[in-house]
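Order of writing sets the chain letters: A, B, C and D. Residues in each chain are counted from 1.
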Amino acid sequence: MLSFAIIGAGRIGAVHARSVAAHPAARLALVADPDGEAAARIAGSVGSSGVRSTTDVADVFAATDVDAVIVGSPTRFHVPQIVAAVEAGKAVLTEKPVDLDLARVDECLAAVGDRADRVMVGFNRRFDPGFAEIARRVADGEIGALEQLTIISRDPAAAPAPYLVGSGGIFRDMTIHDFDMARFLLGEITEVSAVGQNLDPDIAAIGDFDAAVVTLRGANGGVATIINSRHCAAGYDQRLEAFGPLGSLEAANHTATAVRFNGRGVSGSSGPYLDFFLQRYEHAYSAELDHFITAIESGVAPSPSLRDGREALVLADAATVSATTGERVRLGAPVSA
Amino acid sequence: MLSFAIIGAGRIGAVHARSVAAHPAARLALVADPDGEAAARIAGSVGSSGVRSTTDVADVFAATDVDAVIVGSPTRFHVPQIVAAVEAGKAVLTEKPVDLDLARVDECLAAVGDRADRVMVGFNRRFDPGFAEIARRVADGEIGALEQLTIISRDPAAAPAPYLVGSGGIFRDMTIHDFDMARFLLGEITEVSAVGQNLDPDIAAIGDFDAAVVTLRGANGGVATIINSRHCAAGYDQRLEAFGPLGSLEAANHTATAVRFNGRGVSGSSGPYLDFFLQRYEHAYSAELDHFITAIESGVAPSPSLRDGREALVLADAATVSATTGERVRLGAPVSA
Amino acid sequence: MLSFAIIGAGRIGAVHARSVAAHPAARLALVADPDGEAAARIAGSVGSSGVRSTTDVADVFAATDVDAVIVGSPTRFHVPQIVAAVEAGKAVLTEKPVDLDLARVDECLAAVGDRADRVMVGFNRRFDPGFAEIARRVADGEIGALEQLTIISRDPAAAPAPYLVGSGGIFRDMTIHDFDMARFLLGEITEVSAVGQNLDPDIAAIGDFDAAVVTLRGANGGVATIINSRHCAAGYDQRLEAFGPLGSLEAANHTATAVRFNGRGVSGSSGPYLDFFLQRYEHAYSAELDHFITAIESGVAPSPSLRDGREALVLADAATVSATTGERVRLGAPVSA
Amino acid sequence: MLSFAIIGAGRIGAVHARSVAAHPAARLALVADPDGEAAARIAGSVGSSGVRSTTDVADVFAATDVDAVIVGSPTRFHVPQIVAAVEAGKAVLTEKPVDLDLARVDECLAAVGDRADRVMVGFNRRFDPGFAEIARRVADGEIGALEQLTIISRDPAAAPAPYLVGSGGIFRDMTIHDFDMARFLLGEITEVSAVGQNLDPDIAAIGDFDAAVVTLRGANGGVATIINSRHCAAGYDQRLEAFGPLGSLEAANHTATAVRFNGRGVSGSSGPYLDFFLQRYEHAYSAELDHFITAIESGVAPSPSLRDGREALVLADAATVSATTGERVRLGAPVSA
């Protein structure tokens, strides 16, 4: 039984609280947030008695009944909280990105040192049953060596501008999931080329793109293409295709039910895609937590690691440079897993 | 090279004229119809010179340059024309049904005698690439012994009442195709149970059903279910599912293109089903003709045979009785292929 | 907050225990089963403390902290336990069928009287998100009046013969769900025609069918067709199509993921259907419980009712007669909801 | 009635001969090829009498009964034959590419001058019913302004090395179709970025790529992504997705039939994609010819034009540079339609 504290009582903190409460080998002990009401609300929501809440994050690190910390605070707090939690002997599951500044991620890695094998980064999509199935089948050689990977990832609608201002830009905020997925399936990346689009003038005004296409070349000769947009009329568009000499594996979008309508002028019509990540990746969050618990309990390093978090940021930085300068970026040092 | 005459210059005659013109081993010599203009129009439509037309069907039987006759006249003329053509030494491809009256079909069989192996009945659906593929894969044992066959067959809209009045009723006019398909896949039928529906008062007024469900029990223990309707908002609904112990094979509906729309509230939406039999079974008509030519040229009996035409009518008669009386009909003598 | 006891610590009891534990407005108080270890195991499995277990079902009716009873015992105990629970003032959610003997169901209805509005029968499929969506859209008039309903329901593999011997036969044990679904969508049924199949000699030896096709005529002119089999190589085959003058709504099968494979000789290949009812109807069980709780808490009668349980059995009895005698069965008295 | 000569008796010449023969407003008069037997074979294959053949292409330009010339010879002969045919007063339908050398294409444009409105380039995919439907629906505003276009185009297997040596490279030989499609849907292109892959050492040995990803930025802010491979295990992979603010339109792959298999471990499995362009674009070739005939007969310029042929080559050249140098190529002068 692993005892958890959650830092951050926002939307993602609530998701993790539910996952912890539902997991047979986990219990929730403490929720911390400067907004004490929000912390208390999540602490009280999970149906177990005895979950504490606090406005002082130091309580988390000091708590002797907390084995593991889920870091779901705003990004700028991730690094100090990861370091403090590790130094207090806790295992850590941190939301992505580790930080928006590569230098700070490297400081985090240095500070954590060998204890990085007790830290996991929440790239939840690796745990989506469909994507995980494709990763497994590719690894099993079903399609031969992965030659072309196509990731289509579109949000239903852009987040409000105030959120996007501090987001680090589309590549560090949104594409970062796809960069991790590209590394997950294709391995080491050597070259990044990105084209940004400014379709929404409000987003252009804050110096960010709202759509982009990124091409990544893998060290093994494969190429990944990522197609992003901040909006999608039909819902949260999350698809992936892995192509090799023996065939291809596609993960299609999800709809709420398998009902199809046929009528005047139309056939085979389904409902829209699931709305957003909480619905689409509901199972992924549970499976992610389960992996973390199993790894920590059995003393093996959970994955994706802090270093995976770093390498996704390296790709995001390179894409930012490429989209801005129009030049292809070759990664000087190999990106290792 | 087989030289053809076509009797009947209606819609189906035009289809056959095009198929004959396009077939490398066939030529069209003569078109006969009491409506001489219609006959001439079809004769002139195929892009070859020298196609004659006539208002006198006797010219067909007398023509020394005609090897084969396609009978596409109204149903009541089928039997005398089949017999006359056979007696004139022609091979015959006749539209279904052979006749609406089983006694007359039996007279036809008696008159034709051994020469029945030069007569084919145009159950075109056996030649649909999808249904034919399923028949072949079932015969190859891919799903094991056929246990349950489900045929859904719905027209886009009911034919006008004047046509339906003389049609022999839904079972002899429309379901007859499905009865043949059931025999094609399931073999000999021993028992028929039918439920008729009167959803359209105009069709009820002429003493016919406009929808029906028929259950057929096969001698081998399999059961076929046929679901019919005279209307379907999304187009011509033509599906089939063959189920056995090792799996199932489904033939899905066809749409004009493989384009799908995703948008606000909807995903995966295709266009409607192809409109009606001329579009849906375009390939089937060509393949049917090709089979007929190949069989006649090589001296083997074409299939489906006159007897297949008879047995489909036996099932239609039984379904008519069952739907009217509410009783299940056991077929006294085995229905042989 | 509704406090529950569960009678029966088998597979379905475990499902209900999890649903109760996960529901924010429910708590599990007591589990009863003659097998005390099984009862204790389920009581201990839900992660809450203080769940009691007993081998004496009388404890359930006597418990002052139990508001509602879930009856998940073998079928022959349903009626006495429903009656006892109701007389003890409990609300009841009972598994189907209410009983295999219509006379006993009628006794149950008589004994329960007005308190039947506190009893719900667990026809879980009404709560499947896909089927429920179709029911709602049909009720909203999207396809016009329901004319033809097609239900395909095939189990992955037959239950062991010892279970089937006491099952009441395929119509009362398996098709009963489809009878309820037909009534749910089509309303009152006036006529039943059934064809049974004996493909499996072991099941034939115990006097039961292992596959069947049933046709039901509705009072409103619609017809429902039910196609059942005790086996299906690709998994649990659960489909439904509602057809009306304005279009049709289909509920397709579910697979574990939305991954599709394309390769040598194949395209668009998904994994098998979900294995069986616990996987396929996982959401339905939760939604069923939620409806029960909401109805009981707000003092309205839950649905499907005891009378719905009775009418499904009437149809099962009629189908049994029809399949055995070969005659269509007209239902003397209208079947009212 | 338009009278045609075909130059080139290879595979594509045979396709055009069949299309001409089947078109009610066209007749085939002459087939020219240095291989006289091949020319005669095609001349004799179409079922009309009086089709001549020749080994001397000059006969085509001299023939007074030839209105239109289809140029299906090897690429290096296209320009002189286009010019000679135009100068002889013929309309021209030429296969793509116009030439592999942009300077020669410009010479061709200069030589043809105003008579370019009698020349059409055979970018057959514009006439594929699915792609044409998407183009029409995009033009109708169904998805709003086109923001992201994704074209996946994979051949079933690489052509033999001797063919590829003279092909001009993957971008001029294969991607050229996709460049035209991108311009067809997205309009003017301002920027090209390409990544080439060397998965097949035989193709690498001749200095060509066998797979590539190309990103094109449109003048209107849209971005097109083209994903190519010279091989695909499941057949000829031809897909397209147009995405805009109001939704997306996808053209899926085609299979020979709509049959799907479900069985142990698998569901929804179709046959492979259609094998190659002759099967996949059969309808497109007919529709292309029909457009050409209609345009020429009515005196309007057919489309795609010679200039469209030029602009596709400009993109292919830019992609070649980008893939070789690793730099993005900005197109100096706007690419006009």
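Assume a residue touches a chain if its C-beta (ideal position, glycine included) is under 8 Å from a C-beta of that chain, and two chains touch if they have at least 3 such contacts.
Remember, predicted model here, so these are calculated numbers, not experimental data.
Annotation of chain A and chain C: jointly contacted by B, D, touch as defined at the top.
Chain centres here are means of the Cα atoms, and by that rule the chain farthest away from chain B is A. If you compare B-C with A-B, the chain pair joined by more contacting C-beta pairs is B-C. In terms of their C-alpha centroids, the spacing between chain A and chain B amounts to 58 Å. With centres set at the average Cα position, the gap from chain B to chain C is 42 Å. In chain D, the residues that reach two or more other chains under the touch definition are 143, 233-234, 246-248, 253, 260, 262-264. Residues of chain B that touch chain C in their complex: 143, 147-148, 150, 152, 154, 191, 193, 195, 197-199, 211, 213, 215, 217, 221-223, 225, 227, 229, 231-234, 243, 245-248, 326-328, 330. Here chain A touches chain B in the complex through residues 233-235, 237, 253, 255, 260, 262-273, going by the rule given at the top. Listed in rising order, the residues of chain D touching chain B in the complex are 22, 24, 47-48, 129-130, 133-134, 137, 142-143, 246-254, 256-264.
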